[in-house]
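Please find one structure pasted underneath; my questions will follow.
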Amino acid sequence: MSHNSFGKMFRVTTWGESHGPALGAIVDGCPPGIPLSEALIQPWLDRRRPGSSRHVSPRQEPDQVRILSGVFEDDRTGGPVTTGAPISLMIENRDARSKDYDAIRDKWRPGHADYTYDAKYGLRDYRGGGRSSARETAARVAAGAVARQVLGDAVRIRGALVQIGDLAIDRDAWSDAEIDRNPLFSPDPGIVGTWEGHLDQLRRDGSSTGAIVEVCASGLPAGWGEPVYGKLDAELAGAMMSIPAAKGVEIGAGFAAAAMRGEDAADEMRAGADGPEFLSNHNGGVLGGISTGQDIVMRIAIKPTSSIRVERRTLDRDFNETTIETRGRHDPCVGIRAVPVAEAMMALTLADQYLRHRGQIG
Amino acid sequence: MSHNSFGKMFRVTTWGESHGPALGAIVDGCPPGIPLSEALIQPWLDRRRPGSSRHVSPRQEPDQVRILSGVFEDDRTGGPVTTGAPISLMIENRDARSKDYDAIRDKWRPGHADYTYDAKYGLRDYRGGGRSSARETAARVAAGAVARQVLGDAVRIRGALVQIGDLAIDRDAWSDAEIDRNPLFSPDPGIVGTWEGHLDQLRRDGSSTGAIVEVCASGLPAGWGEPVYGKLDAELAGAMMSIPAAKGVEIGAGFAAAAMRGEDAADEMRAGADGPEFLSNHNGGVLGGISTGQDIVMRIAIKPTSSIRVERRTLDRDFNETTIETRGRHDPCVGIRAVPVAEAMMALTLADQYLRHRGQIG
Amino acid sequence: MSHNSFGKMFRVTTWGESHGPALGAIVDGCPPGIPLSEALIQPWLDRRRPGSSRHVSPRQEPDQVRILSGVFEDDRTGGPVTTGAPISLMIENRDARSKDYDAIRDKWRPGHADYTYDAKYGLRDYRGGGRSSARETAARVAAGAVARQVLGDAVRIRGALVQIGDLAIDRDAWSDAEIDRNPLFSPDPGIVGTWEGHLDQLRRDGSSTGAIVEVCASGLPAGWGEPVYGKLDAELAGAMMSIPAAKGVEIGAGFAAAAMRGEDAADEMRAGADGPEFLSNHNGGVLGGISTGQDIVMRIAIKPTSSIRVERRTLDRDFNETTIETRGRHDPCVGIRAVPVAEAMMALTLADQYLRHRGQIG
Amino acid sequence: MSHNSFGKMFRVTTWGESHGPALGAIVDGCPPGIPLSEALIQPWLDRRRPGSSRHVSPRQEPDQVRILSGVFEDDRTGGPVTTGAPISLMIENRDARSKDYDAIRDKWRPGHADYTYDAKYGLRDYRGGGRSSARETAARVAAGAVARQVLGDAVRIRGALVQIGDLAIDRDAWSDAEIDRNPLFSPDPGIVGTWEGHLDQLRRDGSSTGAIVEVCASGLPAGWGEPVYGKLDAELAGAMMSIPAAKGVEIGAGFAAAAMRGEDAADEMRAGADGPEFLSNHNGGVLGGISTGQDIVMRIAIKPTSSIRVERRTLDRDFNETTIETRGRHDPCVGIRAVPVAEAMMALTLADQYLRHRGQIG
């Protein structure tokens, strides 16, 4: 993981700015013979797409993906499969309104990367946040769809929103089926109305809110991951923290583990039909950096976006004190669209660790 | 970061098992001309050393570091400095008692890497946990001392313990000077007695407890870090989660950011003497993956060790149900010795990002 | 260097097949503020373009490059400069005639990657060689143009053809100015007619010929390169050998050094105006893997292409014996168009080592 | 490959200076369960050891390897096997005579890395060449022995010396068995006496000579290697050029391919018992960067060492003109001991590509 690349064996490099002509991803190291087509990728992009409900940015982007390389007809089935060559995925930007951003050309939005990009690079593409825009995550989701194909049906990855502001779901009401039935990825049908009301109020206030995403992978075998610096949970933590606006990451019991005693935290084992059966999952499916075969369960804290209409104090590029109200089209809760992005990062990390495991162990 | 290596430009590779003859680290890519000697490294190792108080493992390890390469007399000063060649650091194991571990040879300790190592590799060095032992972190601390020399005096890194079990410090009582005055790295003198009593009780119970470590780096300039997958906070999250027993990581406001509104979370800016002055630090010194020049503040949740005398249910290597009580010499709260390790990981990450920044930007 | 990526700090990833819709390169890690535009890249592509003389493939490809990301207007000059974000370069394929390749769909061309791709991947995009086609080198040349901008005017890189078949140039007749005056990149005006006659005859015979490319970089300072496995000459050797059809690489005296005595091979030093003046350059500008400040001089042996009309014995994909005559549009001497590619690989290697040097040394 | 590390999945990092206390290698990513012991590594080191004949350096180094980590008793056989953890190999320096090098403390030996290390790092460990010494190759040979264990008995790697000065072997007299019967690794018994006489004369003259090493790997399957920048031949070229004093590398027909016609260079195929049978091997066992299953045959040009007693002109570190005669204990033909080193680099490259192949393809 460095610069704009993620992964070692299954390696993704993304490119593109929020208001440039297009953005994309190169997936390198993908095994050959894996079924892949634009139709298999598109549904995942549609889940992340702006403009899909009143609770996300109204920017109208069809986010149609094109596969430019790395896929060819299979001799046997005639269907398109990966060839082992790099897969180039491209998504055009259609609804960029750069003039909305003239106001921030010479000011730094507090809580944004505006100042740090200027500090590092000496210049920045200010249109829509340029490279620092969360629009880059479309490329992650597209690449994540390829990773899902590599992992196959046995591995299931699903994310959900478990908290908006201080409004947490009722975990006893959890329903996987519910997640895709509401525009907020809530697994708890009872809280959807409350959340929608809260978001409507925030939008009227010109404000925004934080949230907590939970993402779970099930069905992977025991043994994936690498000690010591390539630990599965360490790489997942890095992957999740690379999501725009992420401020915290935990696995299994997470921060609650700090208050536990050893006899409560250890996940006891009994003999199951296909290997160990664990009596709890406080470790979130990873021990010593290697998967146990249990569900991998992570939570990611997402801060409220700083692109708000409420006036805030800031500086201009000449270090003069000023104030700013951010216009443009923004999500009042970026945590919503972070759900499919967190799923994608889970898929990318697992696909990479899978291939690395296969390389070392056979 | 992969396998047993950490970093890209300032790259550390560690080796060694808990009960092997020695362990060590190779530091590759270190700039030349940096003062370095065993005497400069040793004090950091002494802070992490077992046997230093009744609250940590009684294993007696002097943890004397030897520098085997990469350092030479400076022509000008005559003192030892780095040459730019790889620095080999070695620490001998002196007090390994492998027979303590015969009991776990054929059983998997719940909450430990015993099962996952067997699942991945088909065999494991069970003596003291082998490669999965937290003893590996001695090599991190030694390498971290080299990273500190690279960063220089301007960058200060200090860790502290802010919670043991459910006993949190009083943040208003924070004193940096206090941290090294008590064996628990507490910045709050008032809680030390309470914590010691709690730890004494746990030791009597044969149990253990979780904790929360906080680590802060100050004095680094704005501009370090890389977008998108090499974000400073993402790499720090991965680094901290690679610490044994870590289950959660947060930066700045962390999980509390989920409940915040945008106008509260954005760190407003005013004109300071040497650049921007931020009116708060909810982002923990990183925006868009790049340092703001503020303090970088992280917290790491450490689970209670599973090496406890309380009997737990588990399996043997033939998948027969059994129970286990872990003997051997263990820390009732591994969070204590995680403090210098978290500092080391902060130093390693920053040194690497510093050199990468210098490479791209000049 | 792995899979489809080249370089560590200045990292290029290429994608695309010979007969796919397009091909391209992502340049990641480029320093910010470097002037860059399509107009600055295009001339280098034009030198490599097919269809430019009767001695190269008649495929008509305009090879127009598009910059899709990573470049923005400079606040100060208004001209386009790099932003530090990944630079996405794309070139569309316009004149692919895939039906020419139906004949090789089920046969392996001897001397080609057809068999090895099938052996590795289990399938291949046979149209024009797919990913194994030398058409991929267009992406290298485009990325190499970015690398030249990073290196700046002080570093000059120029390649030439010094041998076609067994017809070697007269080195005493060397003229840098001549190289771009003839379609064969010959520095010796006297041999051009001979070479053209030889190539015309080969084309009539339906055959092909090998060649030797020489590439030289001048103007770089002493000190670039890394010991032991990152040696400048080792990375250049790998870079040059990655050029399609390359079978040998040498630097300085190269293979002739085998027959030399120590006193003749050592490049003696005298005091020059700006540092050492070397009395010879048998080491080709690199000692111990690090640049001396002298010219870096390399030669690359290019084999004759196996895409010839002469009938050769081979197998089909069912391992039946058969014969093949390769039609399609091919270069009788792929060494010609390897000249700009070798220059590009030199530029990419040097730009990467430059940034790595700056990272470690400052 | 960068700095002091080689390989991606099977990754070797070496450390140590010629006159430091020790040198070593860390092998990371090794598959578990591979038989490994000091006794399995030592014979390969003994082949490279100085002091073994009058034709190599008289420095007396037993080069006894110690395995410090990564190996444990196998539950089933009781013999030592790899555990999947990093393997730390250490060799002590016993016979360093640093005072021999006082003369070169302030002078740069022409043709050596003395000047370039000073230019890059601003200082150097001048004792015996420090990190730039060929003594580092002992660590490569030790790591190469681990790689051979990973490759197994099916893959055979053998190097030989095929030319000393301008005295080339008679290829018709080639005998694999002969190679280990003479101290010069000659496959041609008839030339050994001639070579010995030539070397004796060079030693009397205080001079040195170049040589050509040939290294061949047989028994590997078709399909190893990666396009485009991870080509097997490209990585081998980089690996071989990283050997001290290497100035040229070729594979298969090599530089002779430049003078060939297409119909002669293409290796025709017929149906063999276990897949294709190639009628020639001009491509040296690699097509499109991927192995064909044929022998991989490479030649490496080694320059004469510049450590000679003949007086040469040079500069001191203050850029004053002076002369130098290199004393110390040196090989008159470093090509001899380059033979086991080239074998090791072949083994390391193949082991790495094998694991990477297994990772991507399964």
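By written order: A, B, C and D. Residues from 1 in each chain.
We take it that a contact is a pair of C-beta atoms (placed from the backbone, for glycine too) under 8 Å apart; a residue touches a chain by one contact, two chains touch by 3 or more.
Computed from a prediction, not measured in an experiment: that's the story for all the values here.
Under the touch definition stated at the top, subunit B and subunit C share these contacting partners: A, D. Taking each chain's centre as the mean of its CA atoms, A is the chain most distant from subunit D. Note: centroid distance subunit C to subunit D, computed from Cα atoms, is 27 Å. Separating the centre of subunit A from that of subunit C, both taken as means of CA atoms, is a distance of 38 Å. Distance between chain centres (mean CA atoms), subunit A to subunit D: 45 Å.
Under the contact definition stated at the top, the residues of subunit C that touch 2 or more other chains are 3-5, 8, 14, 29, 32, 84-85, 120-121, 131, 227, 356, 361. Contacts from subunit D toward subunit C in the complex involve residues 1-6, 8, 14, 108-113, 115-117, 119-121, 131-132, 136, 163, 165-166, 202, 207-212, 221-231, 233-242, 244, 246-271, 275-276, 279, 282-284, 286-293, 301-308, 310, 312-315, 319-321, 335, 356-357, 361. Remark: subunit C residues 3-5, 11, 13-17, 20-24, 26, 28-29, 32-33, 68-70, 72, 74-75, 81, 83-88, 120-125, 130-131 touch subunit A in the complex.
Subunit A makes touch with subunit D in their complex at residues 8-9, 29-32, 84-85, 227, 355-356, 358-362.
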